[in-house]
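Pasting a structure here, questions to come.
For reference, chains read A, B, C, D and E in written order, and residue numbers begin at 1 within each chain.
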């Protein structure tokens, strides 16, 4: 363990902890943009500079390992001025076209700009440098005018997804983030997991499906409906509609990770094909024999449908015996629902003919 | 060059370069330099071929075209754009600048009818600026292909350029 | 780590990313056994490109080498297991040379794999349907257990025989008694004690015989054994093997009740169609492949008149019980009056020892979820099974012999068909085909064909093929790729119009009744 | 060449090489040493070298040995060529273009007369 | 046979001419000296000039004569004849007129270290340059080659090698001047089974080509030095990172490696001992920033040359995370002579605070360009007058830039500052790599600084904000000034950007990119303001009108 002083507070942290994390442990927030706890430290944006006794110049706390008896100051007028300067430089390369980005006009960059009382109007670039929506990926919106080259997308793709779609190209003033060999994301073997979007602090990468839908009213944490990993995700809800899916570092199984289906495969929920009314075949209502192909559908109310179902099931049971019925429950449904089906088959029908697609 | 720019050509080139330099990470830039030398630039197809040979995690990364592209666009001796038959390198650093480089640069652009980074339509010349080549004692310096010319003046240029077909 | 029969990065993408990171950042040595060059092989120290259906020879061969080299964990075998000698005898036939011949894996790779797997501890085995969807599925799994017991890799963190369950709540559906042989918590229906317990709880007489599996029920229609099917959120036409046969059976069924969120390929065969709620529209729990029980929270209301499935089933149950011949006595859990799923979970907990400590209130407090068994309200859950002791006491080695697949390529059907899923779609594709972006990226079925085969078949730039088996035929786009070896094609079943299951064979594992989706013989023709 | 194992080995090698040079000097042969450093090459040293080699070859001057060295430090006086004949003091020339090289060969090597105006001392004196 | 070539003797005489000296007769002295020099016919060989603010009041007026750097004082007009006759004509130092060393104070105190020997004769690093065939290991051995290595391996422990180096006081010649012995000591004492030696030959600082001269002229000296370093720190593998543009140096070095291997001086069991050392060449691919040692390491590791955050330093966490010694070519070239002779021997050269010699490159608007090696502590004036043979076409000296693009702009008024590490640091200028760009009165400082910032904005790796964006914004402002488009507050903006670059950049590139801006505004503010306020470029270099659009269109590299 290493003991050091941050803003006068004595902090004890394990070796190889960064000053930034040590400050966090002490409840001190240091502004950052390029840093994220899930990602390899980068030390690029320089917003997190602190003063360290023995060093002539401010040090980037996100990349500085603690050392014994270090004395750190995280905020003072000189550092505030330095941060303001960094933000002004970043903003001088940042251009907002003014479209509704679904972030409610806020992102991490703008948050800190506001925190340090920067006049956005004056500080922002006066013209765009890149085409907006420059990648055809159906899920990821790319607007490099908002990119501050923090490389969180690059590191997210590498450190979280293990896919290496994004990288930096060129250098100096011409440095930019590109997909693959300057191709489209999909051509660069992007799996559209959206990790890059999840980690982007400026909205340069954004969720295309959610772009003009505004901010969510609330977020509901739930478990993904696709594979057996059981990822936790946040359904962002507005006007009783899911407008976005986000991930959260707190999720026990997956953290910020999600796959393309989990993050973007949610629009089936609102698909017009959804069944919204019980339907029964007309012949059942008419009490006539079943026509070939079972005949036409009739939309009915629940009572009709439920009564009919119950009547047909009990009739079948009573005529052919309990074991003439088969119950297929579902690996997509809740535990509670599957339990009820098991109870239904065994208690109500009296059969063990219950199965689901575990084998398929 | 055309024989090389077939898919098989790229494959063969990638194989040879890997054979020579290996697949460890420190071989990446030497491999790219080799390709650049072979083609005068680095075709994206060649990156794909190289990548195929490197497809095992290298340290904390899996080498994809993107990383190779990133390297190729970072290092100035590597080009991602096709170049002309002759590459004219002009040193634009301060030492050459104060000894008359500006005039030479003007003259070069005029005589080749090219701006920085351009290739002539007939594919003969590419004009490229470079930072210091370490021959400041004889600046201004122009390099054409492998030949370095020191103490260049606008007046000397036509004779120098005429040496190239 | 050994991944066998799992295309992890496409089927369980988030686990896939974790495995990638483990290789890159923790230096985990990864061996992937798969007939295809799936994506995760990029991260593998070694890729064993075995012939389909030769998992048992491979695993036996690896064990043979392990014994030859003396890498087995003698203490573990002695203290924790039984039946090792029989396995040892069986393994004698699986000499590395013989195994190399059967699997098509070069001898030196077998040795290399055995060394990696035996000398890096702990070693975890990850497997999925590539192991189970064979006529020898159960034996495949047992053989993997043999391997892990031999190496002492059970009951330790980072070890184990880890199945990656296909669907989100396949684990939960099994846990909850959605199986013909067990009640919730794997309480056997043929065991008097279990049956009596549930009879007492539910107030009804229960059947003593094991029921039919899905793969028996549907063909059972033809045999007049089954007259009615009540199907919840499943699409047997697409997901079951030999679709044309399924269609014929469904057509004949007297009564088909389908409870779904979308009209499916199965709905033309339904008589009653009940609109269910999607996962976003109801609350309850799912249990993931790690046995972790987690909350599902309702975020929005169901569309129109759609209702949560638990509500629908309870309504039907009440109505069925109200009429007809079957009597239910008053009992602690005989009723069907549920206001929410929390009450249902309380009933589950009361009747299911492994879920005894699970309640919604507890899960709300701890969003990380609980790994069952959770023995009571204070029990912390069980992330790792078999620590110190197996459930049954000693781990039992089961000798396993190679059985060739049910249908192998022949002159008429010279190619081998392997099936599975792709990243962008899921199962029958009911949901993913209704997601615009997913469909944009992956819009139609693609048949993976090796370039060499493509040349032999005269594809010659043509992109459409017809694939036929003894059971049916589909047309689809060809994806010429060296992901598949020569002689083998790969197809998915996400697109009804060209579903692989038109072709697959309904040959079943004798124990688990799992169809052999992974292997059948087909013929491929180029189309214009 | 055997490998070196000690200071004595190294010294032996050094002595042998020195003696070899000494013997060469005693023959009265001539050595022309051309600077082939980068500034030299940028100033046309490769052409100078070629001129010298061609001249020597054409006239079959077997007693003239051409060798290379590198940068002595006067970049603006490149190409620099050094001439030593037998045991005589060496003469260093600067700005040795092809034409100057021919003059040096003809006048100095064959004629025994130093081309004064291209002696490096002369060139340096002119500068200040 | 081949003697060291000494540059033509040419003297520089400086007479103190501040107000105190004048009061004591410096003007008369100057006149007397001029007359005597003319009388003796030395007008073409001796440069007579004045010096101000020498700070040694009790000795005034004083006379300093270079290249010997002898200080006479106080000197009366009557002494002029003797000085010219004895010292300048006959080359005899007049011992009794020399100021006692302990009396030297103020700004010329450093001269105490200057002995009477001719600096240019004291070649250590370039001892063999231009004398031997660089492609012949025999030539190298004839001139004492591999003696140090043989001596070290057979007679010295690694600790003794480092000790000798520490005694010598050698400081890194790449620019920072870190004590070399100390650096070796740190790497040697860091635990780790694998260590590396890296020779930084990525000499990209514009105008610096001393390392190229060493590698092209005497590659074996670096092979030997790297083997010595490896032995001292316990490494068995080394890389020399040579600029990709230095093809000739690469070829010659490759040949040297092969020759050394053939003689058993590299490879396994060198000289039959347990010491093994494998040396590889790694070619750069065109990136200035890779001269920064951590960027260089990243580059070897197959990545973009982005400097790492420090600490930790390469001495503990270098190549592949292993302890790594990174030394500049010139630094290493000093090592074999030190070990062959001794640390004490080496300390006799240069100044007490900066022992040894320094290799300078000099170019620009001067008569003789090239490379020269002198003891630490010569002045810029000396370099121009004596080694570069004065300004070209008789133009006036306006400014020098020392140490390449990142170095200081030194105005004529500071040309008597001695060029050693301590004195330059004190004067607020950086000695850097030893490049001396000499610019005359026809050079526009704004135009020059714009060229420098153009360089930096392309050479910045792009990683950190202050450097990537700061260099670009600075360049844009400078461009506006040269186009007559700037307001006076642009200069405040420039200073603010410079301050951000210095304080907040991740590495030296961004930090030093600000130096020329600051120096420009410190020494040449009037000239800059003339552009803005008068709308004229005093030297007539800048166009003072918009020629082309200043803003650059940038499209994503993505082709989509």
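In this text, a residue touches a chain if its C-beta (ideal position, glycine included) is under 8 Å from a C-beta of that chain, and two chains touch if they have at least 3 such contacts.
Because the structure is a prediction, the values reported are computed rather than measured.
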If a chain touches subunit D and subunit E alike, it appears here: B
Labels of chains that are neighbours to subunit B and to subunit D: E
Maximum centroid distance from subunit A, chain identifier (CA atoms): D
Far-end chain from subunit C, centres as C-alpha averages: D
Length of the line joining the C-alpha centres of subunit C and subunit D, rounded to whole Å: 83
Whole-Å separation of chain centres (CA-atom averages), subunit A against subunit E: 53
Euclidean distance of C-alpha centroids - subunit C vs subunit E, Å: 70
Length of the line joining the C-alpha centres of subunit A and subunit C, rounded to whole Å: 27
Set of subunit D residues in contact with two or more other chains: 38-39, 41, 75-76
Multi-partner residues of subunit E (at least 2 other chains): 209, 212, 246, 287, 304, 363, 369-371, 458-459, 461, 557
Per-residue overlap in subunit A, given as positions that touch at least 2 other chains: 162, 168-171, 178-179, 182-183
Interchain pairs in contact, sorted by label: A-B, A-C, A-E, B-C, B-D, B-E, D-E
Subunit B contact footprint on subunit D (complex, rising order): 38-39, 41-43, 75-76, 78
Contact footprint of subunit B on subunit C as seen in their complex: 20, 23-25, 42-43
Of all residues in subunit E, those that touch subunit B in their complex: 203-209, 212, 243-247, 282-288, 299-305, 361-365, 369-371, 401, 404-405, 435, 437, 439, 443, 448, 451-452, 454-455, 458-459, 461, 557
Interfacial residue positions of subunit B with respect to subunit D in the complex: 134-135, 137-138, 141, 148-151
Subunit C partner contacts - residues on subunit A that touch it in the complex: 138-139, 159-162, 186, 191-193, 208-209, 220-232, 235, 237, 240-242, 250-254, 257-262, 264-271, 273-281, 284, 290, 293-294, 297, 301-302, 305-320, 322-360
